[in-house]
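What follows is chain A paired twice: with chain B in the first complex and chain C in the second.
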Partner chain A sequence: MSDFVFATGQYESGDWDSAPLVPANVIDAVARYTSIPVAPSGAIVSLASSDVLRYPLLYLTGHLPVRFTAGERAMLQTYLARGGMLFVDDHNHDVDGAFHTTAVEELERTAGPLVELPNDHDLYSAFFEFDGPPTTAHELNGWGDNLVHKQLRAVIRGGRIVVLYSNKDYSSEWSYHPDNKRFLSVDNTRFAVNLVVYALSR
Partner chain B sequence: MRAIAVAGIATLIVGALLPATSTRTIGGEGDALARALREWYRVGLPNTAWVEISDWPSPPVRDGLAAARHVGVALSWRHALVPFVVELEELADPGRGSVVRSAGGGRLSVSLTDGLGAGDTIAVSPSVTARRSVVYGSRVAIDIDGSAVGEVLHAAPVRKGVLVLGRVGWEAAFLVRALEERGWDVTARLGVAPARYVTQGRPAPLDTARFDVVFVLDATAADLARDVDRFVVQGGGVVLFADAVEGGPFLTASVARASGDVPASAGAFLRADPRAALARQALVGLERGSVVLEELDGAPAVVARRVGTGRVVQLAYRDLWRWRMNSEEPSGYVGFVSDLAAAASPRVLDAYPVATDYSAAPVASLAAALGPAQLEGPPAGSHTPRPWHHVVLAVVLTGLLVEWASRRLRTAP
Partner chain C sequence: MTGAGAGVRASRRVLIAAVILGSVLWSVVSMVGLLDVAMALDAFIGVPRGVRSWMIPIAGIVGVGTLILRLWWGRRAGSVQSVALFIEHLVPDLRYRLVTAMDRHYESTPLASRLDEQLAPAGWERTVAAEGAKRIIRPLAASAVVLTAMAFAPSGTSRRVFQPGAGDALDRVALARAVDPLADLVVTIAPPPYVNRASQTFENPEEVHALVGSDVRVQGVAGERSVVMVAGAQRTATVTQGARWAVRFPMPPRPELRRFEDGQRGRQLLLVPVTDSAPVVRLDAPPRDTVLPDPTGVIDLAATLADDYGLDAGWFEVIVSTGQGESFQFGTARVSERPLAGTSAQLRAGIDLVALGATHGAFLHVRAVARDLNTVSGPGIGVSETRTVRVARRGEYDSIALEALPPLAADSSLLSQRLLIMLAEELVQRRPELSETTVTRESRAIARDQERLRRRVAEIIFMRLGDAEAGEHAHVEDTPAGALSPEDLLAAAGAATAEGAGEALDFHGDETPVVAVNRPLLEAYNAMWDAGRALGVADPEGALPHMYAALEAIQRARAAERIYLRGRPAAAVIDLPRVRLSGTAPTSTPADRRPGAGGSRARLLGRYRAALTRVAMGAPDGLDSLMLLRLAALTDAPDAVVPLNEAVSALREGREPGGFLRRALAALGGVPVGSVAATPWSIMP
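Showing the complex of A and B:
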C-alpha cells in the first residue's frame, strides 16, 4: 500500500508557495500521532496537471488574489468529481482580504457553494477531539481583521467534505520547524491530523 | 297407467336427444373466457364444462375457472398456448438488478413491469435465454404478446452487511465509498494508531449473521485473523487485498502466495484494460481447487476458492483506488469492487421466499388450477344425465309394474 503524500497545489495566479514549512509540520504530526504510512516529504503539483489525480488530498494557500485558469478549474472539477479533497487556507486571516475574496469566489465557481461547517462535524472528532476549528494565534493577536472566525466553510457532496476552506490562517499557525514543537505546551498541529485522518477514512 | 308409462318413455327419449343444457363449452379469443365466466356466475354454474383456451388467460380468469371446478363443475380443457417459463434471480450486488431467464417452446415477446412501472421486453425463444434486467420490488408483472398473465416473485437473497478491515488510507476510503454508492451496507474498522481505530457502524462481532462479506485490506486486522478464518469456514465471504496476504496472518484463508511484484503499464487507465495500469503481485502456488477469475497478461490477477462453506477471493492488484482517480469512467472501479463483494457473497437458498404463484410458467399454472389439459376435443355426445331422469324412470317402471299386476289380477280365475 502506498504511503500518504501531503501535496501542495501550485496555481498560476498568486503566491501558492507562501507557506513552505507547513508540509513538513503536517507530515511530522501525522507520523508522530498515527500509524499511517506517510511519505517523509511532500509533493508539489500543478493544479492544471493530471498529476493532481495521484494525490486525493491537496493543500492550497496564499496571500495574493487567486484566479484559476480554465485548465486549473477543469482539472479541479475532475479531481473533486473522482474523489479528491481540497483544503484551502487563507494565509492572510482577513475577512475582506484579497486572497479570501477571490479564493471563495473561485472555489464556489469551481465546486459549488461553501456552507458553514457545524462545529460538531465528524472532522472535529476524526482523531483528536475539538469543539470546533481550533483558534489560531493570529486570530488572537489582533493581526488582520482582529476576529476569531468561529466556523470553517465547506463544499459537501454525498455527506462528505470535498472542499474545506479556512480563513483562520493555519498556514501561519503551522509554519515552523517541527523540532520546535517541543517548546509548545499543546501541539497546535493536532488539527492537521484530524484533517488527514478524515480525508483518508471518508 | 299405460298412458303415464308411455309419456314417461317419450320424455326420456326426447331428453336423450336434446343437448345437455347443463354442459357448456366456452372459449374464444380476447376476453371471451372472462365474459363467459361472468355469465356462468350470473345465471348459474353448469354441471360440466368444456373450456377451449386459445389466448393467455389472466390470473383472475384462471382462478375463476379453478373456483368453478372446486365447487363441483366437471371441467375439462385444452389449450393452444405455447408453454414457457420466466424466472427472475436477484443478484447479490445491489446495483446489478436481476437476471431474467426464460425458456419456451416457441417465440414469444415477454414484457416485464416492476414496482416502478418501468418495463423491459425480452424475446423468448425455444432455447433457454438469460438476460439481465434491472427490476425493483419483489413482484414483477408478466405480459405476453399483450396479455397480462401474472406475476413473478423475486427469488431475493437476504442481504447482510459488508465489513471492511484495514488501515486508514486511500484504499479503504475509496472502497467504502464505492460500496456504499452501489448500495451495500458497509461497516468498517480502520486502524489509525496502535490499538486505535476509526470505525463506521459496529464491527464486532464478526459473524455470518451480520455480514456477508469481509474485505481485508492489509495486515492491521491481524488480531482478527482467526475470526476471519472461522467466518469463512462457516459460510462467509472474504476478499483479500494484496497487502493482506503479505506478512502472514491471513495466509490460512488465502488462495495463492505472492511472489514479487509486476510493474504497471503506463497509460493503461485510458485504455480498455485500466487495471493493467495498477501495480500488482505475482500470484503463485494456487491452492487446490482454486479458480482464476481474472487474468492479466497471462498471469492470475483475481483468484478464488472455497474454504469450508465459504469463499475467498484474492486480488493481485495494488492501490486499486488509483483506478478511480485516474479513469474517465469511475463506474468501472465501483462496479469492479461491487463484483468482488458479490463474488464472495454467500447465496442462502433457503432464505428465498417460496413462490406459490406459478404464473412464471402460465401453462403450468393453468394445469395446477384446472387439472391436466386434454389432448383431444370434448367427447362426442357426452352429457351428464339430468337428475329428474331418475324420477321419470322410476315412474315409468312403477307404471309398467302396476299395469302388469293389474293384468294378472284381471285374468286370474
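Showing the complex of A and C:
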C-alpha cells in the first residue's frame, strides 16, 4: 500500500496556490492523529493531467474566478467517476465573491448539483466527532461575506461525497505553519483528518 | 338564692369541669393518635423525612383545634338556664319545675319558694355528677389507649417521628419487609479535632467527601447476614451492636472505594478525600526588592496569612548573608513568631538593621511563613515569596556605570505619512505668523522625514523584487528624473537584479499580479517624491495633495495584501517521526509512542466501553462499573470525573445520559468532540 499523498489541484485560471501551507498542515494533522501512512509532503497536480487519478483526495482553493478548461473538466469528470473526492474551499469566504460564483457554476457543470450536506453526515464522525462543519475564525471575524455558514455543500453519488464545497475559508484557517499548532488550545485542523479518513474509507 | 338555684350552680361547676377536662383529653387523644398513625405508617411503608419533620407541628395544630372545638361544643355548660334544661333532660320527673324556678321572672314570687320546696328532695346532683364523669371517662380511656400505643411503639419508630434527622433511616422498624442489612447505609463523618467542626451524617451517599483523617463511621441495620467491608484485597468484618452493624475507619489520603457485602449483594461507597491546604501567605511589605544605601533604620514587614481550616502560628524568616567574594556568612532568624487563631491573620514586624548587625554589602532575604493546625496530614507550611533587601557595598555609588540602550528599531524612527501630513498642515496654518526662514527650515525638516519614509517604501518594493534593501538608493536615487512610472521602477528593479523585469516577473500588460501588488506602493513612492520636492522649496501647501495621494496609495497597498502572488510554492516537508513522536527506535510504532494513545487513559477507555456495554444490557453492575471508573479517573483522568459523575446521576435518576457519556468518552481520549465553535487564536490569512 502506498502512502497517502495530499494533492492540491492546479488549474489554469485563478490563484490555485493561495493557501500554500494548508497541505503541510493537513499532513501534520493526519500524522498526528492517525496511523495512516502519509507522505511527508504534498503534491501539486494539474487538473488536466491524468496524474490526478493517483490521488484519492484533491484540494482546490483560490480567490479568483475559476474557469476550467475543457481538458480540466474532462479529467475532473473522469476523476470523480473513478472514485476520487474533490474538496473545494472558497478562500474568499464570500458567497458574492468571484471564486464562489464561478467555482459553483463550474462544479455543477462538471459534477452535478451541489446540495447542502446534513450536519449529521458520516463525514462529521469519520474520525473526530463534529456537530457540523467547524466554524472558522475568519467567519467569526467577519471576513468576506460576514456570514457563519452552517453547512457545507456537496455532490453526492451513491451515498458518497464526491465533491465537497465549503465557504468556510478553511484555506485561511489552516494556512499556517504546523509548528504553530502548539499555540492552539484546540487544533483547528482536526476536521481535515475527517476529510482524509472519509476520502480513504468511503 | 334558693336551694334549687344553688344546686343548679353546683351542677354547672361540675359540668364545666367535665367539659374542660374532657376537651383536654380529646385534644390529647387527637394529637397522640395522629402521631401513632404516623408511626404506624412509617413502620409499614416508610414516611419521608420531610413529611415526618412536619408531624409534630401538625399534631399540635390538630390537638389545639380539637380542644377549641370541644370547648365550643360544651360552651352551654356555663349557662344556668342551659344547665337547668340539661338537668330536666336527665331527670324528666322534674317536669320543668327546675327551669321555671331558674326563670328570673319568677325569682321573687311565691311560686319560686313553692317550687324550691318541691325541688328540695329531687336530688339530681348525683345524676349530674355521673353524667359529668361519663364525659370524662371516654376520652380518658381513649387517651390511655393512644398513649399506651405510643409507649409501646418501637423506640426507633418514635425517634423517627419525634426527632427526624439525617441517619434515622436505620431507626425504621421493618414490619412489612425482611431485614436487608445493606438497604440503608448511614455514614457519619467526624472531622479531625483540630478542625473544630461538628460531625455530619449522610444517608445512603454514593460518595463521601471528607478531610483526610476524618473518622468515618458506616452503619446499617443488622440482619441475619453479616456485612463485610472490602477495600481492595482487604476484608474487614463489621461490628454488630444491637440492631445495627457498624464499621469505622479514618479517611484515606487517596480516593478509595469501599464495598460492603453481605454474601448476597453489595453496595459501594466512594471515599473522596479533601486535602487540608497549606496556608496562603502574602508578603505585603516590603513590596519589592530594595537596595539600601546604609545598614541603618528599620525595615517594616507585613504579611497576610490565610488557611482553609485554621492557622496555628506565623512568623517572618530572615536570612542574612554578609561578606563578599568567596567569603560569605549566613544567618537565619525567625522574627515575630506568634501563635495564631482563626483562618486569617495579619503579621507585622520590624527589622532593625543595626540590631541585626547588617553591614555594607549584606543581603537580607525576607519571607513570611505560616503553619496550620493540621495534625493529621500536616502541619501544612505556607510561605510567601521572598524579597531581597540589599545594603549597598561601600563605594558602590562612587562610580557611574551606564548600560547602553539597545539600538532602536529602524521603523520606530520613521514618522508615518499621517504624522507628516499633520505637520505639514500645521505648518500651513502657522505660516502667516512665521518668518520665511522659519517656514523654510521647518518645511525642509518635514521634507527630510518624507524622504526617509519614501526610502522605506522603496525598500519594501525592492525587497519584493528580490533586490537588497539598498536597491532604491543604489539604482533609483541617482536617476535624474527622480519620479518614475511603476513600469520604469520595475524595469529599474529588474536591471538591479540583472534580469529583464518583464520576463522575470511574468509581466504581461499592466495588470500582472506583481504590478497589481506593487502599483499602490509605487504610486505612494512617486507621490512622496513630489511631496518631498515641494517641501524642499518651502511649499507645504503644494506638498499636501501629494502627501494625501501617498497616504491613500499606502492604504490601497495594505488592502491589496490579501492577494497572493502566483507561482509554485516551496514544498513544505513534514517531519513525520517528530509529529508522531515515534523517535528512531525501529520497534516504535506511532500508536504506542503517541501521547494519550496508551497508558492509564487507554485502560480507562477500555473499561469505559465495557461498562457502557453492561449499562446498555441493563446489567445492574454497569452503574457500579461506571462508579469504579469514576474513582480511577480521579487520579488518572480528572477531566473525565465530572461527566462521569453526571452520567451516573442521570442513569440513576432515569434521565438521558447521552451527552454526559459522550463528554466522558471525549475526556478519556476516545472520540474527541468537535463542538468547539471558535478557536481562541489563529493565523490571519
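The rule we apply is simple: the second predicted complex is superposed on the first by the 202 of 202 C-alpha atoms of A that agree within 3 Å, B and C clash if a C-alpha of one lies under 4 Å from a C-alpha of the other, contacts with A are read in each partner's own complex, and residues count from 1 in each chain.
Following the convention adopted for this analysis, a residue touches a chain if its C-beta (ideal position, glycine included) is under 8 Å from a C-beta of that chain, and two chains touch if they have at least 3 such contacts.
Remember, it's a predicted structure, so these values are computed and weren't measured experimentally.
Enquirer: Using the superposition on chain A, decide if chain B and chain C clash or fit.
Expert: By the criteria stated at the top, chain C and chain B fit after superposition, with no clash.
Enquirer: So, A:L53: does it touch chain B (first), chain C (second), both, or neither?
Expert: Only chain B is touched by A:L53; chain C is not.
Enquirer: Taking the superposition as given, does A:S35 touch the first partner, chain B, the second, chain C, both, or neither?
Expert: In the superposition, A:S35 touches chain B and chain C alike.
Enquirer: Which partner, once the models are overlaid, touches more of chain A's residues, chain C or chain B?
Expert: C
Enquirer: With both complexes superposed on chain A, which partner does A:G84 reach: first (chain B), second (chain C), both or neither?
Expert: A:G84: touches chain B, not chain C.
Enquirer: Give the angle at the C-alpha centre of chain A formed by the C-alpha centres of chain B and chain C in the superposed arrangement, rounded to the nearest 10 degrees.
Expert: Placing chain A at the corner, the angle measures out to 110 degrees.
Enquirer: Now for A:A137: first (chain B), second (chain C), both, or neither, which partner does it touch?
Expert: second
Enquirer: Check whether A:F183 is in contact with chain B, with chain C, with both or with neither, and answer first, second, both or neither.
Expert: second
Enquirer: Pick one for A:I27: touches chain B only (first), chain C only (second), both, or neither.
Expert: After superposition on chain A, A:I27 lies in contact with chain C alone.
Enquirer: Closest pair of CA atoms, one in chain B and one in chain C, after superposing: how far apart in Å?
Expert: After superposing on chain A, chain B and chain C come no closer than 5 Å at C-alpha.
Enquirer: Both chain B and chain C contact which residues of chain A?
Expert: 35
Enquirer: Per the contact definition, I'd like the list of chain B residues that touch chain A in the complex.
Expert: 167-174, 177, 181, 188, 190-194, 198, 217-218, 220, 243, 318-319, 321-322, 324-327, 330
Enquirer: Over in the complex, which chain C residues touch chain A? Could you list them?
Expert: Touch residues, chain C against chain A: 562-564, 566-576, 579-580, 589-591, 594, 662, 666, 671-685.
Enquirer: So in the complex, the part of chain A that touches chain B is made up of which residues?
Expert: Chain A reaches chain B through residues 1-2, 4, 33-37, 50, 53-54, 56, 79, 81-84, 126-127, 158, 160, 197, 199-202.
Enquirer: Can you list the chain A residues touching chain C in their complex?
Expert: Per the stated touch rule, the residues are 15, 17-18, 20-21, 23-24, 27-28, 31-32, 35, 38, 40-42, 44, 63, 91, 124-125, 128-131, 134-138, 140, 143, 169, 171-173, 175-178, 180, 183-186, 188, 190-191.
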